[in-house]
Amino acid sequence: MKANFKYNIIWLIIMISGFYLMNTLILIGVINAFIENMLVTIGINIILATGLNLIIGFAGQFSLGHAGFMAIGAYATAIITQTATTPAGFYLSIVIGIVVSILVALIVGIPTLRLRGDYLAIATMGAAEIIRIIINNMKITGGAAGIFNIPQLASWPTVYTMVCVTTIIIVNFIHSRGGRAVTSVREDEIAAEAMGINVFKWKLAAFTLGAATAAVAGSLHASFLQTISPNDFGIMESISILIIVVLGGVGSITGTFVAAAVLGVLDTVLQDFGALRMVIYAAALILIMIFKPSGLLGTWELSIKRCFKRFGRKERVKQ
Amino acid sequence: MTSLLQVDNLVKNFGGLTAVSDVSLHLNNNELVALIGPNGAGKTTLFNLLTGVIPATSGSIVLKGTNGTFALNDKKAYQIAKLGLSRTFQNIRLFKNLSVIDNVLIAMTSRYKEGFLSSIFRLPNYYKTEQRVTEDAKKLLALFELEDQTDVLAKNLPYGTQRRLEIVRALATKPQILFLDEPAAGMNPEETANLTQLILKVQHRFHITILLIEHDMSLVMNLAERIYVLDHGSLLAEGNPDEIKSNPKVIKAYLGEGE
Amino acid sequence: MVREGNVVQTIFQQIINGLSLGSIYALLALGYTMVYGIIKLINFAHGDIYMLGAFWGYYVINVWHFNFISALLSAMVVGAVSGVIIEYFAYRPLRHSPRIAALITAIGVSFLLENGMSYLFSSNTRDFPQIIKQVNYNIGGVLISNIQVLILVTACILMILLQVIIKKTKMGRAMRAVSVDPDAAELVGININWTISFTFALGSALAGAAGVLIGLYYNSIDPLMGMTPGIKAFVAAVLGGIGSVPGASVGGFLIGILETFFQSIGLSAYKDAVVYFVLIVILLIMPAGIFGKNAKEKV
Amino acid sequence: MILQVKDLIVNYGVINAVKGVNFNINEGEIVSLIGANGAGKTTILKTISGLLKPKSGKIIYEGKAIQQQKAPKLVKAGISQVPEGRHIFSGLSVMENLQMGAFLIKDHQKIKQNFSEVFERFPILKQRARQDAATLSGGEQQMLAMGRALMANPKLILLDEPSMGLAPIFINEIFDIIKEINKHGTTVLLIEQNAKKALSISDRGYVLSTGKVQLSGSGTDLLANKEVQKAYLGG
Amino acid sequence: KTQTAGNNQTGNTIKIGVNMELSGAAAGYGNSQKQGIQLAAQEINKDGGINVNGKKKKIKLIIKDNKTSTTTSASVAAQLVNNDKVAAIVGPATTNAGTAEIPNITKAAVPSVSPSATDPNYTKQKNGKVQPYVFRACYQNNFQGGTAAKFMTNTLKAKRVAVFADNSSDYGTGLAKAFKKSFKGTIVDSQSFSEGDKDFNAVLTSFKSKKIDAIYVPGYYTEVGLIIKQARQNGINVPIVGSDGMADPKLAQIAGNKNASKIYYTTPFSDDVAKSNPTAVKFMNAYKAKYHADAPTFSALAYDSVYMIKSAIESEKSADSIKITKGLSKIKNFDGVTGTITINKNHDPEKPIAIEQLTNGKVSNSFNIK
């Protein structure tokens, strides 16, 4: 009991010191607007990819429509903060984005989550495309031009906090009764049913939770970037989130963090390469997968508890 | 006497093939019953019907358990499991990439509540529940001499141990009836003897009813109080081991001459 | 301009439009289905092999003055060879890895081909040499071109040919055996690598041929041309039941006809949305697509 | 001597599953390998049939070293395996599964003849010829696996627990079939949990324990051996 | 640390950033623009550079790819203004990527000239005021769409028109909207297509049955070329009118010369105009010499964008970003390839517009619209 408390406190300290570290670096100018921009993008990608990792890596459901839910959050924020240009308006828009995306996730998930494997992937991809096309043809969303001049109500502290919050929610969910049920669905649906687990319910739970976090990421994206258009949420965006998940290691949240950071840095470095950029990116993708098929970290997870134990063991060995 | 599980006129068709045809049987409380029959007789299919993996074409399955009487026909597999029917599989279906203890904990999920918010925000309640169920799981594993293997991935266990873990996992759901599908398949005589002891232990310790499919007659004849014989989807015979052993129809269809 | 029979004519014309668009999707979907059928991999790069075929045709016709048949055949060879090379370098090392890893490499290969070609030869759109002069036949006011007929016929012939190969020949049986159990396939004497290479060659040759045919039909090619039809063709393959040859064709035609239908009733802005909607509805009724076997696991 | 295994060592990554095994089989023999779960029996069989590559050691078949050959080559040379867990081709019909067995045979007449032999031995397969092999019962699948191996006309057949999951009446039948196959000139390497039955039809047997040969001898000798009786014969 | 406003240029070079779609969906247009930009910079540097208050300074281009993504465009802009300290930016090509860079350049007070962001509101803030650092070299949609509408009524005498717009970008939808707003006749049908589409037969067949006098097709040459081809093959011979996205020699190649008749499009830059404009003649010859192809409109617009920055620097006698901004907003009668340009209070270029007509794939006529 006490020990658990200790680990939670350590995590909290890490998160708070991370915040102050960044704050200081920005103040003394080590992190300029450009690096801040990169870090925020990485943060948003982390939120997106942890949510997708929950769906793919833990629940074993191959969803290829994550960008659709991101779009819902983004447009909720863009539309609402047009009129309610206050932080309160922004947080309200996040909540509305979450609610709408959960509703849509239910509408999409209830029929499609009965499908398996690649069929599910295509169905979710289709659902996301439907969302995008509807947005593309609506008036309130600005059609293909999208919405720009969105007030910037999310800066890096908001994004940082949201990364922490969504990660905590997802990681804690994974390590709870629900998380175990979800993992059993991935491992063997028939055996899970035979153990009294309502497979469908848990699939849907993971799917909606993932969708809700994607909506949060969308809200942050819209407010930070101040411009959105339907093209930001196409199939390619869903694929690039998928790439983060797989590259980091399906089923490793730590891996998702690492991959989002690596790809974020790679992406900015490659800006200088013009037309060659995507060639290099593609080659890197292929090589990483060939040499590390289970992703950068596989299913390895950073755990303070384990660090302590290992450290403790070493101490004991020394004595 | 009312029986714990009453099955009447159960039928299952696969297209043109009738895998189970008009089977009626019953299981009494704390009984150990065996189901035997030639390959393809429909034994596994019958298990699948009873545990809701596939729906029956017709017939009725009624459970008169400690919590009341339920018709199981139109229930989903997970609902049936929650009502206290648990099973192992002919081809091992453990959660291969998960640890031994996770396999057991998953089976226990339908037995406790944790609350979404309390687990997400790590409220004290979460830790209390986690601690309680983990201890329960460890106790159960200790009973089957698996306490040293809690963190081993299921797929890395030796075959015989995997079979054992499957039984533990099935027990973790706190079943009233346990279905075992060929638990001794692939085991040598010594291992089979150990398994026999284990099954007896389970029956007595947990006061549950067991129905088992097995082709290893040494195990069946040692354990079973009653035996049903299935052939071509229908019941061929029913009786105690001695009756079955000497039943000419069973010898002809299943046991064969000699030995 | 308004004449008697105009409505009927329009309907027939739209049917022709739908069929010829569908035949293009079908042609591409066949290749997807073959590869998926054997190694359960969504070969994202399939659409890009189609692009390579088109560029090859463009090059040899313009520079080496190939005629149509030799351009088509050589594009098939180029498609086959590139398919085999891609399989060898990018997919074979991942054969025993999780499928999703191979999917990411496939995406990587697709990006590499698209952007590599853009980098080497610029991302400009080019006009494909009109080596066969397009002739329109007017059948009672309904127009159909010789190239449309050519594509339609080719797609049908290839479909029948593939179905025969898979169902009736030893190689076809070997392909199916490898797809369900590679180890057991080796134990009956099947060379797995060879079989998989063969499948890739076959599927990619189809893509190569499609590149030339479609290049000729639309008269415009560019390095990203494989992207949209690639995804559509994959959807077609899934709709028809991925792994099934007749399924790929039916799926292709169905999508072509649906797209045409919804455009003709004025829903052009939503044409893709409606197609995806129909896809989802069909999958709900038939979870493994129209021709797919919903192989439930035997417990 | 049709097969000779010399100092065979096989690893799975860092796990050393077979630790220097020696044995041989003469033409026309039935030889049994027995041993507890995890002793390495399946691993040895897979190495012989070319599915696994040994770390070191030699496998000599008809005078040629084959340890580097791949499975398809060895099938051509006359080695067939009935794998553990059956590995029938689901999605293909029973008939097609059997056709696959004769994959390398070009002579249609021969294939036809093999078909009729297999159907004679396993009449149930004929009844189910058009059924998807995946939906067969466990025992039926075992027969199909055996039938498929026989379709290749093997000189040496490797059987990995052929009686697993079979009804008692069929176990006897399977062993009869093995004897009969052997009588028709096929050499048999047999792995069994049912050691009593296996040794009783074997010319010779080897007892394996944790990756090493512990004992060897004629079938009857091993059956009479006290240690073997205790560990593998159930009393 | 507070940001000192603007980027000052010391040393002997002037850094100009290029935030461009070099990969992704708009790579084709982006790469054309890059060529125009490089040509302009090369020319200027060959002349010794830009005259900053009597001292000639060479241009140093810093070219970065935004892969047609808003996120990346914002990042590229941030890098250009903060790390590379550029004095001005050329790009991006698309409105979406363009709006994404605005927050970052505004914070840093660095102006940007987009060669082809056409949304009317691109240069405006939410409250309707002008975006202080945002400029463009192209027409905004309302102007072009309105011109096409007028031309349809007055010159083509078209009463019943079908609209077939690219709705995967603001370009096509924006023009369609503007066109519909100002067209006086009947819009018989309005349909749309997406970037990458190749088959337009279904919509064209439905147009055919509707008795139309003309079709308005705002979009890029890649798709419009195919629309023309398929329309003609379907026996639709009415005039097809479009926008400057079509003004590319490839249009006729894709459509096929014999199909490319009765084709009209609004353009600032044409063979015809060029003949009377020495700047354009010089540009076209230089372009041909360097790239061995006819210059597309996108290259011309990008080329002009660079020269607009040069002119701003020279008139303000300073290469500091804030000064350049001021200079840009004061541009008057600038002699560009795409016409004589005056920047109005909305930071939109006012320049003459022409309509070109194609017959058998060649420009056969051009109309000056007042």
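Per-chain residue numbering starts at 1, and chain names A, B, C, D and E are given in the order in which the chains are listed.
What we mean here is this: a contact is a pair of C-beta atoms (placed from the backbone, for glycine too) under 8 Å apart; a residue touches a chain by one contact, two chains touch by 3 or more.
The structure presented is a predicted model; accordingly, all values stated were derived computationally and were not measured.
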Touching both chain B and chain D: give me those chains, sorted by label. C
Measuring between mean CA coordinates, which chain is farthest from chain B? E
Among the chains here, which has the CA centroid at the largest distance from chain D's centroid? E
Mind checking the centre-to-centre distance between chain D and chain E? Centres are C-alpha means, answer in whole Å. 74
Please tell me the distance, in whole Å, between the geometric centres of chain A and chain D computed from their C-alpha atoms. 51
Please report how many Å separate the Cα centroid of chain A from that of chain B, as a whole number. 41
CA centre of chain C versus CA centre of chain D: separation in Å? 43
Each of the following residues of chain C touches two or more other chains, namely 115, 118, 123, 269, 272, 299
Give the residues of chain E touching no fewer than two other chains, as numbers and ranges. 23, 25, 27, 31, 167
On chain A, where are the residues touching two or more other chains? 136-137, 190, 275, 277-278
Which chain pairs here would you call touching? A-B, A-C, A-E, B-C, B-D, C-D, C-E
For the complex, which residues does chain D have touching chain C? 49-51, 70-72, 75-76, 80-81, 83, 87-92, 96, 99-101, 103-104, 134-135, 148-149, 152
Residues of chain E defined as touching chain C within the complex: 23, 25, 27-28, 31, 167, 189, 191-194, 196-199, 201-203, 205-206, 208-209, 211, 221-222, 225-226, 229, 233-235, 250, 253-254, 256
Chain A - residues contacting chain B, complex: 1, 4, 8, 168-169, 172-173, 175-178, 180-181, 183-184, 187-188, 190-199
Residues of chain B touching chain D in their complex? 14, 36-41, 44, 90, 158-160, 182, 185-193, 215, 217-218, 253-256, 258-259
Listed in rising order, the residues of chain C that touch chain D in the complex are 170, 173-174, 176-177, 179-181, 183-191, 293, 295, 298
